[in-house]
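Note that the chains take the letters A, B, C and D in the order they are written out, and that residue 1 is the start of every chain.
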Amino acid sequence: MQRPFTIDDIAMNYSSYIALIPLLPLAAFVMLGLLGKQLSRSAGILATLIMLVSTVLACYTAYNYFFVTGKVNGVYPPVAAFHYNWLPFSPGLSIDMGVLLDPASVMMLVVVNFVSLMVHVFSLAYMKGENRFATYYAFLALFTFSMLGLVLSGNLLQMYIFWELVGVSSFLLIGFYYDRPAAVAAAKKAFIVTRFADLGFLIGILILAFYGGTLDFNTLIYQLTATNSSPLTQSPQAGFPGISLLTWALMLVFMGGAGKSAMFPLHIWLPDAMEGPTPVSALIHAATMVVAGVYLVARLYPIYLLDVAVLQIITWVGAISAFLAAIIACTQTDIKRVLAYSTISQIGYMLFALGLAGYGHTTTGYSASLFHLFTHAFFKSLLFLGAGAVIHFVHTNEMLEMGGLRKWMPVTHLTFLIACMAIAGIPPFAGFFSKEEILLAAWENNRYVFLLALITSGITAFYMFRLYFSIFWSRTRSYPHQHGEGSWTMKVPLVLLGTAAVLVGFIPFADFVALDNQKEITIPLSFSIAPVTIAIAGIALAYLLYYKYNPGPQKLALALGGLYKMVKRKFYFDELYLFITKRIIFDGIAKPAAWIDKHLVDGFMNGAGRATARFAESIKAWQSGRVQSYALYFFGGIIALAALIVYWWT
Amino acid sequence: MMSDFFILMKQELVITVIIFILLLLKIGADLSNEKMLQLANALLLLNLVLGFIGNRPGVLFNEMFLANPLVVLEKNILSLGTLIISLQSSAWLKKHDHVPEFYILLLCTLLGMFFMISSGNLLIFYVGLELSSIPLAAMANFDLGRKRSSEAAMKFIISSAFASGLLLFGISLVYGATGTLTFSELGALIAGGPLQTFAFVLLLAGFAFKISVVPFHLWTADVYEGAPVAVTSWLSVVSKGSVLFVFVSVLYTVFKPIAGSWYNMLFVLSVLTILTGNLFAIRQHNIKRFLAFSSIAQIGFILVGITGSSQLAAASVVYFVLIYVFSNLAAFGVIALVSAVTGREQLNDYRGFYRTNPVLSWVLTIALFSLAGVPPTAGFFGKFFLLLAGAGKGNYILVTIAALNMILSFYYYLRLVKAIFMDVNEQPIEQLSIPAYSKLALFICITGIIVTGLAGYVYDYIHSLSSKF
Amino acid sequence: MLLSALIILPLLTAIALLFCNGLRQVRVLALSGAVVQLIYVLWLLVVYWQQRPAGDAAAILFEEDHLWFTPLNIHYHIGVDGIAMAMILLTALVAVAGILVSWSVEKLNREFFFLLVLLSLGAYGFFISLDLFTLFFFLEVAVIPKFLLIGIWGSGSKEYSAMKLALLLMGGSALVFVGLAGIYFNAPTAAGHTFDLLQIARAAIPAEAQKLFFPFAFIGFGIFTALFPFHTWVPDGHSSAPTAASMFLAGISMKLGGYGCLRMALLMPEAAQAYSGIIILLATIAIIYGAFATMMQTDLKYINAYSSVSHCGFVLLGIGMLTKTAIMGAVLQMVSHGLMTALFFAAIGMLYDRTHTRQVAQLGGLLKVMPFIATVFVIAGLCSLGLPGLSGFVAEVTVFMGAWQNEDALYRIATVLACASIVLTAVYILRAMGKVIMGPLAGTGSLGDSLPDAGWNEKLAAGILITGILVMGITPFWIIQLISG
Amino acid sequence: MNEIPLTHILFLSTALFFIGMYGLFTRRNLITMLMAIELMLNSVNINFVAFNKYLYPDKLNGVFFTLFIIAVAAAEAAVAIAIFINLYRNHRSIDVEETEQMRY
């Protein structure tokens, strides 16, 4: 694998404006943060306009990268547009703030900007009348900035920095309704769980950086892939018995990714994160931030390719997450939670697609995964925005309290249907193509995974349409407050995303985003039969159970009994974590630590003081006040000294 | 020859003259207390001034009486202390009806100390010692009506008589072993035989008694508590200082040959002294008694310095005594004023002192900090150099013990500071008007505390003088 | 003379304070003094940049050397290198902020500001002195003002805390003294015995002497910077102290210890090498155990005090790792923690002034009532949990990077444990934040949500510190250049 | 010519010294204690004279010293008695056990 070169003259025609793409939202954040109060209503519009500019720039960059610069001898070269030596540790080792353009990052650039813009527009209506309206947009801008920085970063620790920043902005946005205890708890949970994962990420970075001798992605990849003499690859030494340092490093880095992408068993924060405003969920917890884990693994893919074991772990983590999340999604009644679990499930797809290369047959999973990431961004954000519109209309998250909404909100209904089709993998919607590629990769590499994925896709179709039917069909209710579907600012994003969800599937994605030496992906029509049929079966089942309101579902639930309950309670993961934190961390470690400090360490100091005082009290009789005893002691002293001289020092 | 006599013994002569003047005044015209105090203070000031001019080194009466710059300086330090004390005690003496006697006795002791300091011979040394201690007993009794005062005097006279008895026994043994009483000759003859060493122990005990080294210290607290404040401060500063000067010179010259054994003794004694002083000081309630024990601890630190047995050590001791004069007298100045006006001498009486007397509180606090050795007060430098001198011998165990004991001493000094600044008190000491004399005295002390440390050349000067060690 | 001004200015301010009375005069004087000092320090920084040979952070500038005690060869020798410069800057910033937050101290205000200024004076002197004697001198100068500040103006069991602090620090300086004496007599310099840092550094101290005296000096200084298990003065002292004093204590005074430890480690490299294992052990314990102890605290000031124990552990960790990067990280952590914890204490003080409670359980949702203070609180918290863009991250990641360069397996484990603290910190910070700032409103008493938000002085104070934090967090390269070329 | 050897005299003086010390430790009447001290001083005198006569007869240091001691002892006794009288005025007794107000 030859040194990925960076062509300066290419770099030239980006560096001028490319930095603006993330910096504009930052500017918006600072502006709104400082003088949000003054421009209350116009704050949103301002932020949205800035986002628009940034999006246009992003698209122009993409155009520039893919079509103007184009391929250089067969591949799209990674371009380090520019970098600034931000925090030098030691010669060679430093955090550089830079911009690294390669197909993946450019693709993400577009996605993040576009979705973010849509959310900005949507929120104009959705968040109208919030008293912290400006703050909301400030946080949105902050998040967009951080996400873009993450996407563009060309340096491990730069990525970590923005990784943390997206984490904190997600914390702020989840906790936006800060006076709701539930929201606060969810925000804390999200931050701490991801922080725990980031610990792994950080240590992984330390290992990689130390042995790679650099933090820069390109150089790092070159160092580790080119030279096999790198101490990382030689297994046990310095590492933990049996497992090579490389494995450790990659697993730890993946741990970070798994945390952000809410993979089992670190997924617990994502469903709770739905406490945040719905557009936020659409942006952060569906389209962009949660896929950061996938993006991270993709970034370091050449290194991951060195270590089969980790890739296989990734595969199974992804596959299992996809499956379990899908099952849980079937039992949830809070529409946002359903979507959250479906998000987990879909990201599971992306991750195991990446991992599949571990079985060493084909590496097509890479572009498949990123393709799914790409399409998923559109239809999932669409779903969330649709859900947002619905919630905005009915003022509840409970699907059981909905039904027949198609009458009142046709646009939402239509777009939502499209999105459901897309996620269920019905041709010709976007989801179909990406999912097909993933399934194909699975088929080529590991049949078990393929099987699991197939079943999951069926379940996906089922629960999505369960959702769809119970919102828009089922029994028709009357809603007290009959205001319309919502202003155009809410409709436009839905429509735009809808069209995207229809069209993006036709993009020959693999031509743009692929590994350097990857073979063409061609899906034989015959292959598509099984998935599609299964998807349709799922839809059919959903139709039977939920098209008209009937007692069927309850019966089914009762029939399944304990199983149903276990799934409904999300396999008791939250309880498990609660036990670990409360019983083990707090009661088990922290309480004793505090006790020791108060009673042993501190007690020792005070005890020493008291002991001295008591000793002083005990010898006071010496000073008896009798002049004769004084004289006696005097004489005794002389004798003692004489004795000392005689017997000790001679 | 005759001129020699007048020049070398100038300071002693001046004191003698002053004593006689006071005596005649006492017999003849009876002046009012104010007048008498003015006169006395004026004379003491004169004495101090005269002490600085026209000195030169030399010896008299075949080496019985030595005079050299260091000795002169030491004497001047003592005269300074005397002046300050007399200024401070004016508030108390005003109401007393034996002012001249007080000064006569005071000056007699001072005279004795002078002789002791410049003694070149055990005989003169003994006479000086007695002359400096016997009148002191009488002074301790100067609050004639108070039980405690007379008790203190009794304890002091008995103990000191006993001590001097042992000292004499030691001297007699030295004489028996060497056949001479002159320091210079002794220095050559001392070889460290058992008899000599035992004799030395007795001598050491004699010194240790005067500077109240544990276990020869037991009289200190009671006498300090019982005696009038003026006498207490005199005891704790001037008499102690004088004996220290002699002690150092005798150790470093006469007993140099047996330095090994007395080094070990001082090691033990210093540790004992610091510990005991601190431990007892922790739980005192009477402020004079408290200062007595704290001064014992101070002596311990000085001993640590003395173990260094070098020019550095000698200089540091003299330097420390100078600083000690300022710090301790500043403290005693405030206490004297308070007890003279209100008669309150308990530590608890000082609770909330800052509310009523901010100035006095700051003076007392600075004095305490200087005693505790907190920069930028001079006490810090004094202690630092003492311990450094001690460390010079390479005995870091001793230095560590001493240094860690600073924590203890810190504790009780800060306890008083806490009482002054932080505690609340329903009937605090009322607001006091500081008489001019005390003002002057306190001013001298505080400037001393500030300047002596920060101005490096003071130490340099003393160091240059103590070159003979 | 350039550098002596750093001592002379506060001295003059202090003396002037004695002669003016009335809160108005006093605080204006104190503030103007501090501000002038800050400006002067900034100017000095500029001069330093210009004069210093490029990339040489070890270069000592503005040297002054006067013989002080001839017989002992003690000098008044001052000068600054990059590290000292950074610490001075920190001191100046915190000093101004501290004076600002104690704008309306009611009782004995003259003495209060006098002591504050004296404290800062001690810090300045300490950081600029190149002679171990003056170093020790200023170290102790700074002890007594702490005692009085806590004891007189403090809250809670103030006397106890003040006494504890004074005694432990006294013990620390006693140990330091022994160490210094050992260095003095054992450094084979050309000029005989000397306290001069540079000369001692040039003439290497014999290894066995180092091994004998390094522990004294290091533990002694360590006590000042909350070395486990001598950290017990930190929680009580900080939480009893008045706001400004807490800021000075945690922001400046604890740094004296770290700086001293650093100097000692550089002065006695062999010994530092020999003992680094123990240092690392203690530091790691402090980090983890401090963090866990913090989780169980219910009083905001205790939370911050214990977290200071944990954070100062990073300083010692960095020093103990003995790699260039790690030591750089230690210095960064000193500066960062100084600013951050000062800000935190300031925020807590502001909350306390209004709600009259520091119990987490009794507070809640204050973001609604006092958005500014709440924001300050949040920023301080985020900085303390090492959020990128704020100073904390820069310092910690540097320490980690440097620590990891030490290849010993056990040291690696220590590093990993230290890394774990980023999670623990997040836990306790978010718990406190979630309860006090977010959630339903509580603790505002009868006033309800009519409690006033920060006044101009508090805003200014917070602004200064936040600026420092942001500048360091967003553009760390210049301070890195400052301290390590 | 049977001359008394020095040792005998030294024995005497030492015995006298410790008798005096014993008296000081045991007697409760202050006057008696003072007398005991005088005993000790006298033993010292004997020492000096003896040493002077037997060992260093050429000079008279010892004898002079003795004279001084006697003089000083007299002065000491005078002051001591004065103090005791005052003590008696205050305490109505010169029993050493009575004077233990100040202790600890």
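By our rule, contacts are C-beta pairs under 8 Å (C-beta built on N, C-alpha and C of every residue); 3 or more make two chains touch, one makes a residue touch a chain.
Predicted model, so just to flag it, every value in this text is computed and none were measured.
A.B. asks: Comparing the two chain pairs, does A-D have more C-beta contacts than A-B, or is it the other way round?
C.D. replies: Output for the comparison: A-B.
A.B. asks: Whose Cα centre is nearest the centre of all Cα atoms in view?
C.D. replies: Of all chains shown, the one whose C-alpha centre lies nearest the global C-alpha mean is C.
A.B. asks: In whole angstrom, how far does the Cα centroid of chain A sit from the Cα centroid of chain B?
C.D. replies: Once rounded, the distance between the two centres reads 77 Å.
A.B. asks: State, to the nearest whole Å, the distance from the C-alpha centre of chain A to the C-alpha centre of chain D.
C.D. replies: 97
A.B. asks: Roughly how many whole angstrom separate the Cα centroids of chain A and chain C?
C.D. replies: Using C-alpha averages as centres, the distance is 36 Å.
A.B. asks: Would you kindly tell me how far, in whole Å, the mean C-alpha position of chain C lies from that of chain B?
C.D. replies: 42
A.B. asks: Mind pulling the residue numbers of chain A that touch at least two other chains?
C.D. replies: 620, 623, 625, 627, 631, 635
A.B. asks: Any chance you could list the residues of chain B touching two or more other chains?
C.D. replies: 154-155, 158, 162, 166, 221-222
A.B. asks: Mark out which residues of chain D touch at least two other chains, giving numbers and ranges.
C.D. replies: Where chain D meets two or more other chains at a single residue, that happens at 21, 24, 33, 96, 99, 101-103.
A.B. asks: Mind listing each pair of touching chains for me?
C.D. replies: Chain-chain contacts present: A-B, A-C, A-D, B-C, B-D.
A.B. asks: In their shared complex, at which residues does chain A touch chain C?
C.D. replies: Result: residues 85-90, 93, 95, 157, 160-162, 164-165, 168, 175, 178-179, 181, 184-185, 187-188, 191-192, 195-196, 198-199, 202-203, 206-207, 209-210, 238, 585-586, 589-591, 593-594, 596-597, 601-602, 604-605, 609 of chain A touch chain C.
A.B. asks: State the interface residues of chain D toward chain A in the complex, per the touch definition above.
C.D. replies: Interface residues on the chain D side: 21, 24-26, 33, 96-97, 99-104.
A.B. asks: Considering only the defined contacts, which chain C positions touch chain A in the complex?
C.D. replies: Contact set of chain C toward chain A: 164, 167-168, 228-229, 231-232, 235, 289, 292-293, 295-297, 324-325, 328, 365, 367-368, 382, 385, 387-389, 393-394, 397-398, 400-402, 404-405, 407, 409, 415-416, 419-420, 422-423, 426-427, 430-431, 434, 437-441, 476-477, 480.
A.B. asks: If you look only at chain A, which of its residues touch chain D in the complex?
C.D. replies: 620-621, 623-628, 631-632, 635
A.B. asks: Considering the complex alone, what residue numbers of chain B touch chain D?
C.D. replies: That would be residues 122-123, 126-127, 130, 134-135, 137-138, 141, 144-148, 150-155, 157-158, 161-162, 164-166, 168-169, 171-173, 175-176, 179-181, 221-222, 225-226, 289 of chain B.
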